[in-house]
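Encoded as structure tokens, the structure appears first; notes follow it.
Naming follows writing order (A, B and C), and every chain is counted from residue 1.
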Amino acid sequence: MSTVYDVTTWTVPGNPAVTCWTDVGAVINSIIAAVKAGQPDQNSKPGAVIYLPPGDYPLKTRVEVDVSYLTIKGSGHGFTSSSIRYNSGDTSSWWEIWPGGSRIRVQNTDGRAEAFRVARTGNPRLSSVVFENFCLDGVGFTPDQNSYRNGKVGILVDTANDAFRIERMGFVYLERALVVRDADALSVSDNFIAECGNCVELIGSGQASKVTDNLIGAGYVGYSLFAEGHEGLLVTANNIFPRGKSAIQFRNTNRSSITANRLHGFYPGMITFEGLNKENLVSGNHLRREAEPWGPMQPYGNGRDDLFGVIQLRGDNNLVTGNLIAWYVDPAKITPAGATPTMILVASGASNVIATNHVVANVGVKTVVLDATTTGTRVLDSGTAAQFQAYTGSYAFRATP
Amino acid sequence: MSTVYDVTTWTVPGNPAVTCWTDVGAVINSIIAAVKAGQPDQNSKPGAVIYLPPGDYPLKTRVEVDVSYLTIKGSGHGFTSSSIRYNSGDTSSWWEIWPGGSRIRVQNTDGRAEAFRVARTGNPRLSSVVFENFCLDGVGFTPDQNSYRNGKVGILVDTANDAFRIERMGFVYLERALVVRDADALSVSDNFIAECGNCVELIGSGQASKVTDNLIGAGYVGYSLFAEGHEGLLVTANNIFPRGKSAIQFRNTNRSSITANRLHGFYPGMITFEGLNKENLVSGNHLRREAEPWGPMQPYGNGRDDLFGVIQLRGDNNLVTGNLIAWYVDPAKITPAGATPTMILVASGASNVIATNHVVANVGVKTVVLDATTTGTRVLDSGTAAQFQAYTGSYAFRATP
Amino acid sequence: MSTVYDVTTWTVPGNPAVTCWTDVGAVINSIIAAVKAGQPDQNSKPGAVIYLPPGDYPLKTRVEVDVSYLTIKGSGHGFTSSSIRYNSGDTSSWWEIWPGGSRIRVQNTDGRAEAFRVARTGNPRLSSVVFENFCLDGVGFTPDQNSYRNGKVGILVDTANDAFRIERMGFVYLERALVVRDADALSVSDNFIAECGNCVELIGSGQASKVTDNLIGAGYVGYSLFAEGHEGLLVTANNIFPRGKSAIQFRNTNRSSITANRLHGFYPGMITFEGLNKENLVSGNHLRREAEPWGPMQPYGNGRDDLFGVIQLRGDNNLVTGNLIAWYVDPAKITPAGATPTMILVASGASNVIATNHVVANVGVKTVVLDATTTGTRVLDSGTAAQFQAYTGSYAFRATP
């Protein structure tokens, strides 16, 4: 019995009217049922690969993945900018108007939010499920195309999991692109995730995972990358572009790394630590902060002012080193009006280290600000004395010569 | 003549009883023989691709790869934790109990240790052999499942080679997962290599290679990554989890980089330099050292004490900068009892530079220790004067303010 | 209608004599025409995948790609060193003599320079074209095999583009391997690009792109990586080997990152900034500079002398930190004779920061030199006072202790 399935050639037993051209979700569910039926023996469940050739597939029914070792793959992440198109007026002369590749149009009629839900109770945790090289497209937002809202979720992994791979995928126009709960040794790599409300959300808890080598950019309503309760997360080699309420938001995440990324944002708080975050490394990143240059998106923001910090830390013993912050905002757009913008804010916590960072800005800025409750921060070679502001007496400071 | 082969449809000439379900090694050897027979002309030997669909394939005969441009690929790295399962008691209710995907069970009956051996004499060196996206499973250890011993080797590349790729593979429960001798421009990328005695061993010599974007974690008996005689090796963007006698061990390796990795270990010597290692860069890494938390593995260790250093350097002109070491060990477990643990030990060599590293620990530690034979080490912004210990008079020191 | 095409089974309508064995370019053009004919509706143009199995394919006619969402892929990057072979004398006993895998021999007879040209006018820009895992081989150079000249171009993307991927490809013996004009969110990842005049050229302008995880090495005539007019380019995790006139050359490129790469070169100017380059980050890189060790290439050079700098900066507010430069050149080969070599030259610009870099060299060197027009450079912990040379009075300097 073959373990290689093609959605375009699969016939749903007892329901041949359902095809990948009417509901690819029902087709994939039918294939998964066949995989399970064909691998009843606990001793040999190698899984399968389900292939989506390039095509336009509507999904009406949520896919329920509850087997390990399943690869769902296509031939093309198929991103194009729907945001540009929706804001372009007459596109009747355009060559094409939608994303493509192996494209699933997320159009659930089953009352579900998700295109794919991956979950299983009992033992062991699901292992080694792979999503690879296809496109999940939410098609449109409501009530308008700049809202980043439609309630649609691309992939939700909803129970603890091990050794999953989300690689080379495309996600566009979903309110939430990829949500993974309780990840262990997850790889999110080389994806293109843009024009989604949130791009990558690692929720609940997690350990020993990596988010590497991606092109990511959320809408103003959410996060390009959010991680909660994680330990040992490695975020490296990503090019994170606007917009994103935060480019990277850590909540109660410890001993993780944000290194060698490029980040570009239009709002304060490009890297935001929320809650209590300990012993994280933020190094070798390039952060470019500008004001929104594009008319259609200028009405929006993330609600934070320029005292929030381009980087805001909360927690203890974090090391921020070797980063370059390039800040350019029309002074008229600084909030509160007339404020001196903050580059790195240590908002709470003890024993953080800020060393050898460089800031360039078109106005006078505070490169590092220490809030009143912070203690023992060491600030080295990260600005002049005039650029440093401490609302606490507990710190060490060495000015850049 | 097609150059695309599928192990499930191949018939061994003269021996149709042998199939991928009886001995996938013999089948692949038969395919390789056909590739060679079909490409006799020195002027056109493009090679082939051998595909393993998801399935459970026993390997009884070692595969001998002696042609360039051969890709052996599957659809699924198929990792699951065999260690957890073997230590879990009754698993009769488990959904599945073995690794999966395109899984080869390494069960040689030919007296060989290796599932795959890649070797050829004469000119040129073998080029561009690719292993991709399948699972090599050693099935079990002996005499007990926590020994990490079974004599099994996943892949041994045994002669000089150029432009090989080992990518997206899974390796589990092998004594030695991947061993490559005399590599040039090797790529080991995006693999999942865990619960093996040793994970990646780059032996002999090598140059201009990369180990990037992997999830790796060896057993207590061996190395997650070992490199010997290498020049210009780039180790970046890896998440290296326990256990591993060393997470990374360099022997006589020069001018190589360990940057932007996350390392987690349960023993001293997470990064160990052995022999003479010159001009290496260790930067932007996160190192988390804890004591073993899991009962079944608590009897084991790597035999080193806490004076060994979380990082131990031997050699000259190495630069260690921008790293964060987060150390948390129950004081009762520190060895020798009552010792002040060492974070970075410069054990030998001249002119090493340790700059702008941050250490957080639950006990008093020495952040940098210089042994008596060392000369000219410069230690900058990597701890207080009280945290620094020099058994030599030849050094420069600047305390973190 | 299938969207999966195989060049070995395609029949060109009306011209069955043309096959992939006579002209793979004409075959691919014919497939593209079929894709376009089969997807006439602006509302559904998912594209296609064109597959090249391992094989030796001559290309006589340039491929014209003018559809989005097209993946052209093979099974094997197929690199072998043609340079070694051409300089090896009698190779009649060699196992094989040419590159392999899914190999296209670039042998245009149509008067074109390029194997592939990707271009389209009108709206939208081409999106999500993918080149993956095949080999583009220029076969030979003229007038001699060490010239790196043959006028051949592997891939030219000649109009603005979005979300392209060039991944896992091989390029060899082309004068220009990959040229991309006006890239947005481009991924050039995990390729093997060597023995080409130029390897990667990002021309015109570009933004939010990444060049990651590649093995690259150009000839002495050109660049391993060239970027012009880019903003927010991320260059990380690459192993860039000789030769290359420059390993990395930026021209008028701003707010980009060169982090965690390994570079090896035989000439001055391994990283060269040309024109005006602002606010770039150069961190965590290992740079090895030697003299050419191989006889056949010793006649050649890049024309720069040892006062040029291993790194030469031009522009403002660039941050160079955490890099290791390992320099070893026979004093007799230093030019001008008797000169003290320069490691980092700030040739022009304001407010650059050079911090915490380590240099090891076999002769006395200047680790940092500031030219007369530069202003406000800060040089911290990057050499002794004797190793620092300022031809300007506008700087700050802190010696490595």
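Simple rule for what comes next: contacts are C-beta pairs under 8 Å (C-beta built on N, C-alpha and C of every residue); 3 or more make two chains touch, one makes a residue touch a chain.
Molecules present, by chain and UniProt name: A, B, C = Inulin fructotransferase (DFA-I-forming).
Everything numeric here is computed off the predicted structure, so don't read it as measured data.
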item: Partner chains that subunit B and subunit C have in common; value: A
item: Superposing rotation of subunit A relative to subunit B, computed on C-alpha atoms, to nearest 5°; value: 120
item: Gap in Å, rounded to a whole number, between the CA centres of subunit C and subunit A; value: 29
item: Residue numbers of subunit B (touch at least two other chains); value: 213, 236-237, 259-260, 283-284, 322, 356
item: Touching residues (chain side subunit B, partner subunit C) in the complex; value: 2-4, 42-49, 67-69, 71, 73, 120, 122-124, 127-128, 130, 162-163, 165, 167, 185, 187, 189, 208-210, 212-213, 232-234, 236-237, 255-257, 259-260, 278-281, 283-284, 316-317, 319, 321-322, 351, 353, 355-356, 378, 380, 396-398
item: Residues of subunit A defined as touching subunit C within the complex; value: 8, 53-56, 75-81, 84-85, 88, 91-103, 168, 170, 190, 192, 194, 213, 215, 217, 236-239, 241, 259-262, 264, 283-286, 288, 322-324, 326, 356, 358, 360, 381, 400-401
